[in-house]
Amino acid sequence: MLIARVVGSAVSTIKEPELHGLKLLVVREATPTDELVGTPFVAVDGVGAGEGELVLVATGSAARQTARTRDGAVDALIMAILDSLEVEGATTFRKS
Amino acid sequence: MLIARVVGSAVSTIKEPELHGLKLLVVREATPTDELVGTPFVAVDGVGAGEGELVLVATGSAARQTARTRDGAVDALIMAILDSLEVEGATTFRKS
Amino acid sequence: MLIARVVGSAVSTIKEPELHGLKLLVVREATPTDELVGTPFVAVDGVGAGEGELVLVATGSAARQTARTRDGAVDALIMAILDSLEVEGATTFRKS
Amino acid sequence: MLIARVVGSAVSTIKEPELHGLKLLVVREATPTDELVGTPFVAVDGVGAGEGELVLVATGSAARQTARTRDGAVDALIMAILDSLEVEGATTFRKS
Amino acid sequence: MLIARVVGSAVSTIKEPELHGLKLLVVREATPTDELVGTPFVAVDGVGAGEGELVLVATGSAARQTARTRDGAVDALIMAILDSLEVEGATTFRKS
């Protein structure tokens, strides 16, 4: 899973029925020290994540393996809100 | 899903039967502030998107999970036309 | 699907039985204005494409969703020969 | 599979039920001479790997093909702890 | 499929049972003129490839579509040993 930060949200009226009722958040990949990298993309929220939180995003077909998303048209799913990250013996992130 | 802008369309006569009847649009990944990035590619249109619109594109096997595309040979599908994007508290895009 | 140009072909005697009888072409991703980008790779030909033609290549599991390739060990399939591409109101490519 | 080094671990309380009970390690892709490259990401541990070990990580749907992960929402799985790597006739890595 | 050169091999004792009995080779993507590019990775050998040979590697779920690998936890499989490559009318590679 990618480490990512929730940076915003997306609104769409005209969409495939498979997206109805799903919360669409804008996320951006982050390093364990919370530098943002790469181009932001849109993930479905599975865990009630809020803007600013550091999360884990499953991509590809794994994003369709939860009760909520099984057989849905989902290619990126927020699977977890991170409490903390430890890298090389140091705590690089702790949720405030 | 990728945030992308519809920049054009593709026409092909000689193609796999699985592509018959599908509208093929040229899209290019975009940032939430609508800068275009990366190499344009071709996505199947699922929602009646038009040139210039900002859309969400599902890639990989997720693109085959809608009523229209199930079991089709589709690896990129326009899933939604974006109304607006909010990033870090600001509206970075609003459909005109 | 990637826009790609057919730049050559590959010959192999020792291969998995699943590749027998499939035509293996060397392709390279192209922009709509036909600049070649990235590293060439090998795709199975589904439509009788010839060297120099601009084509659409499906990658990933979508490449296994045609009558020819269903359940085959194919990760890249030439799905269509392009007649033309229109980008931002201009014809950037027309098959000669 | 990617060659990767285990560099840390991730802790999450709020997560999809499908992640409960899985050990989440932070890994980073490595060259055979153990230079770290790219952005760290989180993989599920299938083999009891510890921080500092060089491992093989399966990505995509392959990560869901083991007894432990079948049908789980896993997109990256540590499949093996490396004992050694030989490249161009030289041993570039040996587990200490 | 990627064009790749076999540059070495990997040895692992502690691994998922799904990897037992599979030969793990270190490969690196190559151009048709045999320049090596990108980071080396590990592929399962399906055809008896040896170090130094130029091969085709299927990635993703296609790697699990052969008799040997069906339903295995394989994300990269050497599918073919290349005899020759022709690019733009010239033979850029011929097996010696």
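Going in written order, the chains are labelled A, B, C, D and E, and every chain counts its residues from 1.
The rule we apply is simple: a contact is a pair of C-beta atoms (placed from the backbone, for glycine too) under 8 Å apart; a residue touches a chain by one contact, two chains touch by 3 or more.
All values reported here derive from a predicted model rather than from experimental measurement.
K.L.:
Which chains does subunit B share as contact partners with subunit C?
P.N.:
Touches both subunit B and subunit C: nothing.
K.L.:
Nearest 5 degrees, what's the C-alpha rotation angle taking subunit B to subunit D?
P.N.:
About 145 degrees of rotation relates the two copies.
K.L.:
Per the centroid of Cα atoms for each chain, what is the distance between subunit A and subunit C, given in Å?
P.N.:
For subunit A versus subunit C, the centre distance works out to 32 Å.
K.L.:
If you average the CA atoms of subunit C and of subunit E, how far apart do the two points sit, in angstrom?
P.N.:
The computed centroid separation for subunit C versus subunit E comes out at 20 Å.
K.L.:
When you check subunit C against every other chain, which residues touch at least two of them?
P.N.:
60-61, 63, in rising order.
K.L.:
Which chains make up the ring, in order, starting at subunit C and heading to subunit E first?
P.N.:
C, E, D, A, B
K.L.:
In their complex, what parts of subunit B are in touch with subunit A?
P.N.:
Contacts found on subunit B: 1-3, 29, 31-32, 37-38, 46-48, 56, 58-63, 65-68, 77, 79-89, 92.
K.L.:
Tell me, which parts of subunit D touch subunit A in their complex?
P.N.:
The contact residues of subunit D facing subunit A are 7-19, 24, 26, 39-43, 51, 60-61, 63-64, 71-76.
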